[in-house]
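Quick heads-up: structures coming right below.
What follows is chain A paired twice: with chain B in the first complex and chain C in the second.
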Partner chain A sequence: MDKPRMIEHIGHAVDYTVFDVKWIPCSAKFAVLGSKPKGTGVLEIYELNETKVDLVKSIEKKSSFKCGTFGASSLRNRFMAIGDFDGRLQILDLERPEIPIFNTKAHNGIVNAIDGIGGTQINCGAPEIVTGGKDGSVKVWDPRQNDEPVVDISPPESSSSRDCWAVTFGDSHNNSDRVIAAGYDNGDLKLVDLRKLAVRWEKTEKNGVCSIQFDRKDIPMNKMVVTTLEGGLHVYDMRTQHPEKGFASVSEKNAGRSVGSNGVISGPKATVWAVKHLPQNRDIFVTCGGTGSLRLWNYEYPGKRKLKDSDEKEYGVAGSIYLLNSTAISTQPAHCFDWNTDKMGLGVVGAFDQTVRVLVTTKLNLY
Partner chain B sequence: MNPVEQIKLQQQIKESSEDLQFQMKELYNWEKRMKEKEKKAKENPEDADQKMPPIRSQVDHESLKLLKENTKQSHWKSKADQFKIQGNEHMKSGDFEKATLSYTKAIELYDKEPIYYSNRSLCHIKLQKFNEAVSDCDKALKLDGKYVKAFYRRMLANEGLGFTRLALEDCLKVLEIDPKNTEALNCCQRLKNVSNETTHESEKLSKENIKENDVKTNADHFKNQGNDFLKSGNYEKAASLYSEAIKLYNKDPFYFTNRSLCFIKLEKFDEAISDCDKAIELDDKCVKAYYRRMQANECLGLAKRALEDCQKVIEIDPKNSEAKASFQRINQRIKRYDKSKVLTPIQSTEDFFTPSFTKPSDTLIKVDPIDKPAHLRSKKPLKRVDINEFIEAKTTANYSNIQVSDEIIDYLFNTGECGSFVKEEPPKKPKLDNDKIKVETPSASKSPSSNSNSVTNSKSLLETHQLSNATSTTYRLPEMPPKSTAEFHANWKDLSLENKFKYLKSIAPNKLTSILGAGFESDHLSDILKILSTFYVEENLEPQNILGELCKHNEISILVMFMDELDKNDAISKQIGQIFLRE
Partner chain C sequence: MSTKKKTLLEKYDIPISYLDFAYVEKCTNPREMEKIVNILRSGEEGYYPALTKRAEEKLLELKPNSKLFRTEEDLLTKSSISLKEWESETNPIVDWSSDVKNVDKFLQKIGSSSNENCVETVPRKTKKIILGGNTTKDTKTSDSKSQNRIKSTDYSAWDKFDAETEILKMDLEEEKVKEEVERMNRLNLQSSKDLNEDLKIDHLTMIEREKLAVSFKDRGNDYFRAKEYQHSLKEYNKSIEIFPTAMAFNNRAITNIKLKDFKNALEDSKKCLEREPGNIKALFRKAESLLGLNRNSDAVDTYLDIMEIEPSNVHALKAYNDLSGGYSSNRKAKGTRIMISDGSTGDSNESADLRKNKDVKPKKKVEDYSELIKPEKTVKNKFFKAMENISKKPTETPPPEEQLNLNFNLESSKANKVLIEEI
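Right, the complex of A and B next:
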């Protein structure tokens, strides 16, 4: 009973399919991105008001919104970068959302994933947005340069391209170093060094990669969590890269399955849709499962993170992960989640049952 | 489920619900705070943008451009290199015309390679087109400021054109960059020789002479005026006019010699000599300058210098009758001087008037006064050092015999100004030389001792004196113990420590107090204590009797207080001190 519990605080039903939820920095508000049945994109801003949420603003655009981020915006500005089903990347000023301050055709097809960096942190590089699209390309954008991406990582035109499902930034601990991790529907995982503009590491997971996140973006790479279809959860130790073995990892196969009433894991292997690290503690993260379950994990480091092999080359040692809490919040998949950076344990989750839920997590301060 | 577990479970449920309530309260508070913050933030719009790192793509584009340019250039360069190789082959075969053409083509394709230019310049040199060679070298050096070959070739071209100085400059450059270049070293030597002959004489003379001549005519004008004044006897005016002339043109010795004449007439001999020096500097065969300097020196009484100058004049101009005459005259004067040569005052004082202090012996250490600022001085307490006076017994001279002449007395009193002093020899000198005059130190002279044949007396305590044989006998131990206080004290002070001990032993202990009497002083006490501590202990005599006797003395309590550190430290004297203190 000393373990943390995730408790649903507020449930709010909406009349559109929720695709992404994000807390607005430095506020008690969150933005919900979604798609109306008629195919238009919707952005709604809600504010917490004790036992309920108040709708502050609602914006509708012509194309369904798939994903969004505040990562490249400063805390005050609240410019939200949004990718939509038409492959457009636009940056909206939430105070004046009518005209996007940045608008470009980023991808052919849906923008599956987006991540931003450099807005809030000082001395960790330029503000940049990375998008991964259905066309299989990964593009890096600078809000100061409207027309073309600053980096374009596209598959060669001839080959049949894969669908890029997940992108994220990491290793941005100074002005020059930065990496992108990209996951594809075939299970490919690529680590691209933006400084060298070269692939640093590649791996293929068994299933399509749904979500990737570094435990922190603005530190030298420490840990990276990758979730896949069919319930795969992999935590990589990113401190030490062996020239052949790459990075060490620990895996959990049943992360997507729901836990039955008496604690027995049952049901089909469900997708792990999303992974989010707790902003206040980088070793705790939550995964959203295809059965509507949320799981809270704790990563524990091994005694020694580095060892040397027979050739005197260092290789990393993975730690282990422990389940802290598991909660089923919906019968439909919960696929998007966001931790509030200001209030520990406060989260918002979106599920395919057209409901956004505000969660409170207790006893996180024990870890 | 047993009741205990039930209660536990209920407790847990209660606790968790309480926890949740608390969490909710906190959440609501947080909500309020955040809303307030937001409001404030809205009122204060964001500050100016922070300095952002550059856009990645733009940086990349720039580097890409550079890369592209480099590749382009390298492309052209490779083509140009082919022409260069062609040219080199032509050079080897001695076809310089063709070689020039292929180098030119190479330069057309790629004009940033100094080697092409310098190679072409070599062709030009071989074809005797020195001007083109120089311009090519210049271009090569613009591209590479330390290209040795280009300097070397420019040097060759300049030499070919006859610009020795420019060639020399280039040569020095080559040596600066490559100091071991033997070819350049040889060239440097050659060029220097040539340039010494040509440049100095031709260039300098041609340029500077024109200027100088103009100035000189002006100066000559002043000189002529000065000459006129000189004739009329107005020497001051003449001197000032010559000065004007010198200001304008300071390389004519005649101006200086003329002015020196004026100075001699005005009796400013020092200035005259310095003018003559300058004139001789300008022209070391200027007879007039030497002659005038001779005059000036003679007037100053510096006969030897005058003679030297005179000799110089005769050397240069052997027929100068005036100079011969003055040579005679000066020589005579010098001879006269030699005859009447008198001791210089310094010599005389050394001979006669050395103070008759004791000569420092080897055992003595000279202690200089130390002058240190207060903060550098030692913090240790001052240490007492015994100072013993040594006065060597000297045979005294008979002062009454000395007859010091008035001249010597004058000498003594006029030593400050006796530089040019000329004096007759004092008549009594030989006697003074034989006998040393003694000036006794005050302490010694004050104490005419009772013994008629001795001047020395000693107050030293521990030291063994090296007294002359004659004097040492006087301090023999008195044969009888003293009968009165006066007798004791008279004998005591002149005795050595050992003798004092014997003297003390001879005195009956019960009479000691009365004999010491009122003259008993701390010196005596410390002497007695020392004797007790050294001799009595050695001979196993008991000092108690004497100590007991000393304690009976009236003054003892006061004298004990005056006992110094040295005495107190002595082990036995400590005991004695304790005995005294008990009393």
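Right, the complex of A and C next:
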């Protein structure tokens, strides 16, 4: 068998709702963020030891933790930026977590999504954190500047604001260029250029956008994957923008559903909760489905990535995506996933069955 | 309003007569076949196991990657796979996790000892962007439209209105948008970091450099897979500049080969071999770049080196056979080396034999072997004929055919992957 398969290395049950899992860079440890039944936030750090995980540290704070990132921290100072249900953004030194290094009220309501950049990469600009909140605003923070966001992208005050569900950085290949992609609950997708401080492109998907990720943050934009409610999965070729048509994309319907036993799809339409690209190969990514299944996809580039239309305008050509593997890991939605950047195929996944699983995906090196 | 649910047959507009062995056999439209399989699987028209099976087989022929063949697997656990398999997959993880702990501890130590902030970039100035109902651009145009709209009764204003200039204005606006988008596309195509090439890495420790180098190498691999060799070359250059590794050199070698820069490819493969002597891929790349430089005899030597390490390497054997037909290797002179390999590697019959034979009568022999490695071809007659031709008593029988073919098949299945696996 040449196809990748997923093996459960370790399954670990916890006594709280898991919201996010993240590997701590350059270590065999991962952090689990979640919410205790009484509404307090919990951060637990686990370490892989042989064939089990050991709890290294447990931190409890007064508000449920929703999301976290190590993206803006360097290897020697691996601080975690965390967004919580109260709308606070905190940066914690995991060695001394009692007093946050950075603490601010970022949003009214839950911080739904967070992403960081500039920590370990060189020549790709300042370390920054972006948060998307329930109040519909997207804010960019510089960890050295505690009081106010460096960029605040808000809806006009008059209109009823949308709920921002997903944010991510991209295109950060030098010190000045950088974009944010933000997805909203009504399916709006906005690409904001941080250099020009203007919306560069926008589109409305059919359903609320749950997760966005560029295949790489620190290269000129190449591909972007967007997942939505009701099983939408869209892969955009971000190389070439057409003045009217925008970016070309390839889509997959029902990517969140389970595949029935003999291939006949059954069950309700399920959300695709998250998308994560493999750090060692940007053309492979995993999506987490609402029926508790993980799907591993491979993107293949088309023969020509751009063509010219009758007006001599260039437009991009989308490639195609192939399913490499589909594995049911739980009966509850799997909603957060993180690949280890140092060990190919090692991933940690969180599901609503209050279990954190360490998975090994085999044969990824063949692609 | 008909509340009755449409059957799949109606939905797909497929006549019932298509659900038949005869039609399934001659159907060539994969879409239609998918529909037929779907109907048969649903059981709406009855349950026909043999027909369903045949239709599925036919679909597999027509469209091997059809969505209908997607299946979901159960998560493999320790209890659901053999212990051997389990260990082969999880042991690397266990080993890695104990290795990475040292790195982790080291980083923790320097993290707590050094307090410096090595980032030179300044925070950006605070800005606020208010999102319009639509695009910022769109709202602007719609606003101006609503303000400047001339009433149909306002004749004096209409007199001043010059349709030509207005059209020109609109064209210019459009042109501006187009140019902006084109500029962005151009920028995107530019390789990363063309402007500031100097990498400030002096403050980094070796471990941090190594990680950084690996990330650049991975990016190079990404570009390589997308066949953008210029970009991948740049990434590999950076990776090597930060922290030279055998793998980065090896990958840069193949990139240079793709870019037809054989001189640098040769240098890179040599550097890789310095760090990892006996790296088969590096040897192949060395040979390939030597070929590109028209140094065929050196390339032949390199292929011989490969066969010394991996006697059954079919690619090397084939390349060697293709080459050495026309060019005599100067390896003949280095008799001692052959002797050594004969003595030390007892089971490396093929390569040893090959070299022995080559010394006797290179050209003819070589031809025979190149025939042998082609699969599904009976070479026996030819071989013996050749033997007779050179009037040499057939003391050595050729290696058993089946075995060779088997080897070949094994290798050829990997062959396609060599290019990908290399990175």
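We take it that the second predicted complex is superposed on the first by the 367 of 367 C-alpha atoms of A that agree within 3 Å, B and C clash if a C-alpha of one lies under 4 Å from a C-alpha of the other, contacts with A are read in each partner's own complex, and residues count from 1 in each chain.
Quick note on the criterion: a residue touches a chain if its C-beta (ideal position, glycine included) is under 8 Å from a C-beta of that chain, and two chains touch if they have at least 3 such contacts.
Model, not experiment: these values are computed from the prediction.
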Practice task
Consider chain A as the common anchor and indicate whether chain B and chain C clash or fit when overlaid.
Solution key: clash
Exercise for the section: Of the two partners chain B and chain C, indicate the one touching more residues belonging to chain A. Expected result: C
Exercise for the section: For A:Ile59, select first, second, both or neither according to whether it touches chain B, chain C, the two together, or no partner. Expected result: neither
Problem - Contacts of A:Val317 with chain B and chain C, given as first, second, both or neither - result: neither
Practice task
Would you check which partner chain A:Leu307 touches, where first means chain B only, second means chain C only, and both and neither mean what they say?
Solution key: neither
Exercise for the section: Considering only touches as defined above, state whether A:Ala126 meets chain B (first), chain C (second), both or neither. Expected result: both
Practice task
Classify the contacts of A:Arg200 with the two partner chains as first (chain B alone), second (chain C alone), both, or neither.
Solution key: second
Exercise for the section: Look at A:Arg5 in the shared chain and tell me whether it touches chain B only, chain C only, both, or neither; answer first, second, both or neither. Expected result: both
Exercise for the section: Examine A:Thr327 and indicate which partner it touches, taking first as chain B and second as chain C; both and neither are also allowed. Expected result: second
Handout entry: Region of chain C that runs into chain B when the structures are aligned on their shared chain, from 3-11, 39-47, 111-119 or 183-191
Key = 111-119
Problem - Contact residues common to both interfaces of chain A (with chain B and with chain C) - result: 5, 7, 9, 26-28, 48-50, 74, 76-77, 118, 122, 125-127, 142, 144-145, 148-151, 175, 194, 197, 342-343, 346, 360, 362
Problem - Residue ranges of chain B touching chain A (in the complex, touch as defined) - result: 12, 15-16, 19-20, 23-24, 27-28, 30-31, 34-35, 37-38, 41, 45-46, 50, 52-58, 60
Exercise for the section: Provide the residue numbers of chain A that touch chain B in the complex, in ascending order. Expected result: 1, 5, 7, 9, 26-28, 47-50, 74, 76-77, 118, 122, 125-128, 140, 142, 144-145, 148-151, 175, 194, 197, 342-343, 345-346, 360, 362-363
Problem - chain A - residues contacting chain C, complex - result: 5-9, 11, 24, 26-29, 48-51, 74-78, 95, 118, 120-123, 125-127, 142, 144-145, 148-156, 159, 171, 173-175, 177, 190, 192, 194, 197-200, 202, 215-216, 218-222, 238-243, 258-264, 279-283, 293, 301, 313-314, 322-323, 325-329, 341-343, 346, 357, 359-360, 362, 365-367
Handout entry: chain C to chain A touching residues, read off their complex
Key = 38, 41-42, 65, 67-78, 81, 86, 89-90, 92-94, 96-98, 100-101, 103-104, 107-108, 110-112, 114, 117-119, 121-137, 174, 177-178, 181-182, 184-185, 187-193, 195-196, 199-201, 205, 207-208, 211-212, 215, 218-219, 221-222, 225-227, 417, 420-421
